[in-house]
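In what follows, structures are represented as structure tokens.
Each of the next two complexes has chain A plus one more chain, namely chain B in the first and chain C in the second.
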Partner chain A sequence: MMRRAALIGLAFGAGAVHLAAVGVLLAMHQRWIIVEALTLGQAALLLLAGGAGAMTRGPVMGALAGAAAGVPVVALLAAMSLVPLNSIFIALSHDLFNMLTLGVGLAAGVAILIGGGAIAGLVGVLLSNSSQMVRRAIFPGAISVVVAGVFQELIQLMLQQYEGPVGDFRDFIYTWEGLSLQGAIAIFVLAALLSEVFGFIWRMRAERTASHDHRRERMVRAGIALLILVLLPMLGGSYVGQVLMLVGLYILMGMGLNLEVGLAGLLDLGFVAFFAVGAYSTALLTAGSAHALMHLPYWAAMPVSVLLAVAVGVLFGLPVLGVRGDYLAVATMGLGEIVRVIVQSDFAAPLLGGAQGILEIPKPSIGNFVLGNPVSLFYLTLVASAVAAFVAWRLENSRLGRAWEALRDDEDVAQALGINLVRAKLLAYGLGAAFAGLAGSIFATMLTSVYPSSFQLLISINVLALIIVGGMGSLPGVVLGSIVLIGLPELLREFGEYRYLFYGAVLIVMMRLRPEGLWPSDVRQRELHAEDETLALDAGTDAVPAQPR
Partner chain B sequence: MALLEVADIHVFYDKIEALKGISLAVEEREIVTLVGGNGAGKSTTLRAISGLLHPRQGSIRFAGRSLAGLGAHEIAAGGVVHIPEGRRIFGRLTVNENLELGAFTRRDRRDVATDKEQMLVLFPRLRERLKQLAGTLSGGEQQMLAAARALMARPRVLLMDEPSMGLAPMLVEQVFETIGRINQQGVTILLVEQNAPMALGIANRGYVLESGRIVLDGPGRDLLDDERVRRAYLG
Partner chain C sequence: MVGRNIARLNAVDVVLWGLRVGVVAVVVIGTVGTLIKGRYNAAQWFDFIMFGLTIGSIYAQIALGYTMVYGVLRLINFAHGDIVMTGAFAGYFVAMPLDRSGFLEDNPVLAMAAILLVAVIVSTSIAVLTERIAYRPFRRVVGLAPLICAIGVSFFLEQTFRGMFGSAVKSYPDPQWQRAAFHVFGFNVPRIDVLVIGLALIFMGLLYLIVQRTRMGTAMRAVAEDGEAAALMGIDVNKVVVFTFVLGGAMAGIAGVFYAFVYKQVYFLMGFTPGIKAFGAAVLGGIGNIPGAMLGGFFLGMVESVGPTLFLDGIGIPAPYQLRDLIAFTLLIMVLIFRPHGLLGEALAKKRA
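Then we have the complex of A and B:
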């Protein structure tokens, strides 16, 4: 028992050392959550010690694990004070040393690290064993404080136009530097209270209506999310608009890839090719520069771009028809790279502009109103996403959607039941490509220029990662995945170079804790929790004998 | 003329000749079984008929029409439905969705609904589990689902590959009973089985395969009594 707790603690401590050595810890230390009280970096350390504690049983073991988590960090400090490590690991600087020791020197710092770790571990294990009621108060409270603290600049920007009660509230919780201690306490209490009240109401309703309507409840949640999405850029201004617009583009692509991967089970790592086709088509059809073939208005170019993307999607599908599984991932990756290389080549430069790209793509306009700023372009993306979501939703429940699911599960049987494999696969690639083509078209007009370097393999991987994190085959999952994997890193710009570290960590944690994704589709949820459901059903049939109909 | 006629087909996996000239005929409303050891070519024969494999030589005719050059989905739509070996149901879809996929090629929505109702009468266990994921069914239930799903296509010929594989003895009997009932409804059946005694017991006629060739054929009862068959397959 003790051995296990100590090992868990050491593992989490090693994680902290890793964060320190790559430099992200110090970068996080630059951001206050609560001014003069707690930084994001310190919160990360506390979270690690607390997490170690939460994985053990009993207060003693929790404290032990938390203290053990401090040991690798202490070892790092000792090594740093003996050897000039920062000639190799530039992140292991004097600033980091001061951060970890809280600037009070090595001896006192060690005591604080071990002691603080033990306390955090104790809190962790107590929280993980606490009642639902306690957890329902603490977690939303803590998360709200972190959000309010870390995004203080953005929130203050949004709130600055208000006077009166909103303005007073703003001045109460924020100083010009960030969240104040009294503000943090206020937000914590408020969020905890709200969570308790809503939790209470929800349980009351669930009790009254014996079989609570799961579907309706989800619709309501989705509706609220949508409303926030619509209102946010209006309040937040052009920066938020720009971030949300990027999120929107990835939502579009995610929905497209979802048809291929989530429904038809065709792994595709060359998805960026369709995005590129959409963008370049729009560029060639509308640009004011010499490369343009035509000078169509944007609204005419957009559907043509989508159709061209569909055509390329079908072409793309042909060579990989007989390829399955891992080989399919490699083959599609190669095809995606071929598109980028062709666009970049000197050979195609006279037509596509080579590495210099195509410039002077006009912004779309409605009548005399030009959709020039990020916020109005965001609304264009939003409308496009809504249309695309509707199409995707209808497709899922169509004959074609069923055929895709069948071939995902078993190609042979699908054929034996009369499903045309070739047609179904090519349609999956073609329709998936349509979504990416639409995203590419909007992307081109957003940047008013296109370059081959915008269409890297990483985009394909990002889109795949976001549908995995969101939940395979789930439309709301795509939205949530885009916000988490695309939106958050945009807002946390200063950690930009650690973006893929963050991705990797999120993917691993997700696979361990929630393999069905953040917002799974019904099917995935049923699949991964099939066991409990079977038990529940069996219990159900025992209680109520099956009724003949 | 027989409903299904296979004439001298040769099937290759790369360079290995798996079927070395198989000829067989199945009459309308018959149950015909193919028995033989592992690797004799039983499953390969079924896969060639349903279009999942293409013979290099020889012909397959169904209701007088050649199946050469047709895709598997076209052959299925024409009324030859294959239930592959193993419990190959769509595990991530519900029982209901599996059944509806069986009727994929059919446009007559109302008849499909009646057929589904009929399946649920034929397999009452499936009705209890209609909304459950097919992957959570027991082995016997999955085999029932596979049969019911195939029947939803209103096949004229059903190609069944090892329907009793991996099932408890009691369930095996149940499966064979079901095969008999399906046949009584007018469906012609070509059955591949390792369980030779049960298969020959139910079949009108049988073929014995050995390393890609037919070595013996005749009425099921006769084969069951044949000394060579007894020694080779029945122990």
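Then we have the complex of A and C:
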């Protein structure tokens, strides 16, 4: 029991050391959550110690785990003060040392780390054992404070135009540098209260209507989300517009890859190729530079680009029809890389512009109105996404969608049931490519230029990561995944270089803890649930957690 | 019978045959064209072949890691290329001070031994750690989850090293004794090539002996053959898996140091491309087949080094060297499509299918 708690603590502490060694901890330390009181980096450390505590049972064990979490950090500090580690590990700087010891020197710092860890671990274990009521107040409160603190610049920007009560409230919670202590308390209390009240109303309603209308509720929620999406760029200005635009493009691609991976089970790591085809076709059809083949208006070029992407998708799918599972992932990745190598080479340079790319792609216009700024392009993306989402939604419930799901679950059985595998697979590649082609086409006009370096394998992995985080085969999951994985890192610019570290960790953690994603599709949830029930029957045996296929 | 066969010859088969014919045609026409033009002399071809053998011996070592892990776990260890990178980095931090103090120049044998040793220790520990943390929970899971997790591990390792050591490309030390060349029959044989090929052959021979002759190696082959049965025979599967990762990690660490000495640089993404290519080499040799992986590695290195000039120069493609990766990836895809059991692994693969 004690050994387990200590080991858990040490593991979480090792996580903290990792954060410190890669430099993300110090970067987080530069951002206040509450001015002069708590930085994001300190919050991360507290969260790690608290998390270690939450995984144990009983207050003593919780405190022990939390204190143990401090041990690796202390060991790091000791090593740093003995050896000049930062000549090799660039992140282990003097600033980091000061951050970890709170600037009070090694001995006092060690006491603070271990003691603080123990307290955080204690709080963690108490919270994990507390009642619903307490948790419903504390978690939303804490999350709201973090959001309000971390995004203070953006929120202040949005609020700055207001006078009167809103302005007074703004001045109450924010100082020039960020969230003030009184503001943090106010937000915490407010969020906790709201959460309690809404939780109460929610339960009352659930009791009153035994079987409430899921469908209608979901429509309402989707409607609200859409409304927010429409209004947000108006409030947030062009920066928010730009971020949302990128999110929109990834939603488009995510829906496309979702058809391939989520529904048909074809793990495609060369997805970026379709995006590139869409972008390059639009460039070649519309650009003002010498590389252009034609000078079509954007609205004519877009459908052509999408069709070309579909054609490439089918061509791409044809040779790998017989390749399955893991091999398919590698084969498609190879195909994607081939596309990139060709585009970059001198061989294709006369047609595609080589490493310099193609410039002078015009912005689309409606009548005399040019969709020049990010916000208007965002609305274009939004419309495209909405259309695509409708198509994807209809596909999911169509005969073809069922065929894909059968294919995903068992290729041989699907074939035995009379599903035309060739047709189903090629349609998956082709339709998936259509979405990516559309995204690529919009991407080209957004940047007004295309370069081969924009079409790295990383894009395929980004898209894959976002549908995994959202939930494979789930449309709202794609939206959620894009917001979390694309929107959030864009807003947290200074952590930009750690974004792929985060992706890697997210992929591992999601696969281990929540393979169905944050917002799983109904079918997938039911499947996993059924497995949970059967597992519960033989609890105690070496139960394997349910995984999607 | 004939009529039925024609009816079944559908569009897909036509495309696949077209692909085969196309690739063969490019190879044949290109080769003939290049040889007729005769722009390259014997010394240049010799250089291509020598480089092919060098890089091939490195691919062979990396491919061994893929093939052993796949044999035992049926998992594509997507992060294996990044294990190579960790070895190269560890070697760098030993090689740099040794180079500055002149030790690397004066005592090549001792210095190389130290560099390789540290690289192997680091890469092996990281390989074992990834197995314990990321792969073990997926031991019995089928489907895409293990592969996706492996992709996550790959990212995590790359970005961890980027965070710890920076994103700049660091240049590896370049001691005088490596730059010199032997002269054999009028050809220049760079010493570094001899060193890399020779050591790689020795290490791979050692590995082969370990797998064939030791108790642990026998256990490993038993698990690869049938994990359940091996467990019932009292073999500790966890131990065997760790042992597999140790062997693969050690080979990857050595390969990383060699790769860095050949290309004279290290950076955090360096493991990706050789990793994917070596995976192709492992499949080429029949995945799970250890001698096959070695041969596949050499074959891929040769094709990649000689191929661009031999195949593409003849059909008039400018700067064929830029398309080196194209050839390697094409070979990879062709193998995955047409010979997923590999060139050697027929008997082995059939048994498992």
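Please note the rule applied: the second predicted complex is superposed on the first by the 529 of 549 C-alpha atoms of A that agree within 3 Å, B and C clash if a C-alpha of one lies under 4 Å from a C-alpha of the other, contacts with A are read in each partner's own complex, and residues count from 1 in each chain.
Here is the rule we use: contacts are C-beta pairs under 8 Å (C-beta built on N, C-alpha and C of every residue); 3 or more make two chains touch, one makes a residue touch a chain.
Note that the structure is a prediction, hence the values are computed from the model and not measured.
A.B. asks: Which partner does A:Tyr500 reach: the first (chain B), the second (chain C), both, or neither?
C.D. replies: After superposing on A, A:Tyr500 lies in contact with chain C but is clear of chain B.
A.B. asks: Could you say whether A:Thr448 touches chain B, chain C, both of them, or neither, answering first, second, both or neither?
C.D. replies: neither
A.B. asks: Where does A:Gly322 make contact in the superposed view: on chain B (first), on chain C (second), on both, or on neither?
C.D. replies: After superposing on A, A:Gly322 lies in contact with chain C but is clear of chain B.
A.B. asks: Check the contacts made with chain A and report whether chain B or chain C touches more of its residues.
C.D. replies: Per-residue touch count on chain A favours C.
A.B. asks: Could you say whether A:Asp412 touches chain B, chain C, both of them, or neither, answering first, second, both or neither?
C.D. replies: The answer is first: A:Asp412 touches chain B but not chain C.
A.B. asks: After superposition on the shared chain, which partner residues are touched by A:Gln456: those of chain B (first), chain C (second), both, or neither?
C.D. replies: Neither chain B nor chain C is touched by A:Gln456.
A.B. asks: Given the touch rule stated above, what does A:Val22 touch, chain B (first), chain C (second), both, or neither?
C.D. replies: second
A.B. asks: Mind sorting out which residues of chain A both chain B and chain C touch, each in its own complex?
C.D. replies: Shared contact residues on chain A (touching chain B in one complex, chain C in the other): 422.
A.B. asks: Which part of chain A faces chain C closely enough to touch in the complex?
C.D. replies: Those residues of chain A that touch chain C are 18, 21-24, 88-91, 261, 265, 267, 318-323, 325-327, 329-331, 333-335, 337-338, 341-342, 344-347, 422, 461, 464, 468, 497-498, 500-501, 503-508, 511-512, 515, 544-545, 547-549.
A.B. asks: Using the touch definition up top, name the residues of chain C that touch chain A in the complex.
C.D. replies: These residues of chain C touch chain A: 10-12, 15-16, 19, 76, 93, 134, 137-138, 140-149, 151-160, 162-167, 276, 279-280, 283, 317-319, 322-323, 325-326, 329-330, 332-333, 336-337, 340.
A.B. asks: Give every residue of chain A touching chain B within the complex, in rising order.
C.D. replies: Within the complex, chain A touches chain B at residues 399, 402-403, 405-406, 408-410, 412-422, 523, 526-527, 530-531, 533-534, 537, 541, 546.
A.B. asks: Note which residues of chain B are touching chain A in the complex, please.
C.D. replies: These residues of chain B touch chain A: 50-52, 71-74, 76-77, 81-84, 88-93, 97, 100-102, 104-105, 127-129, 132-133, 135-136, 149-150, 153.
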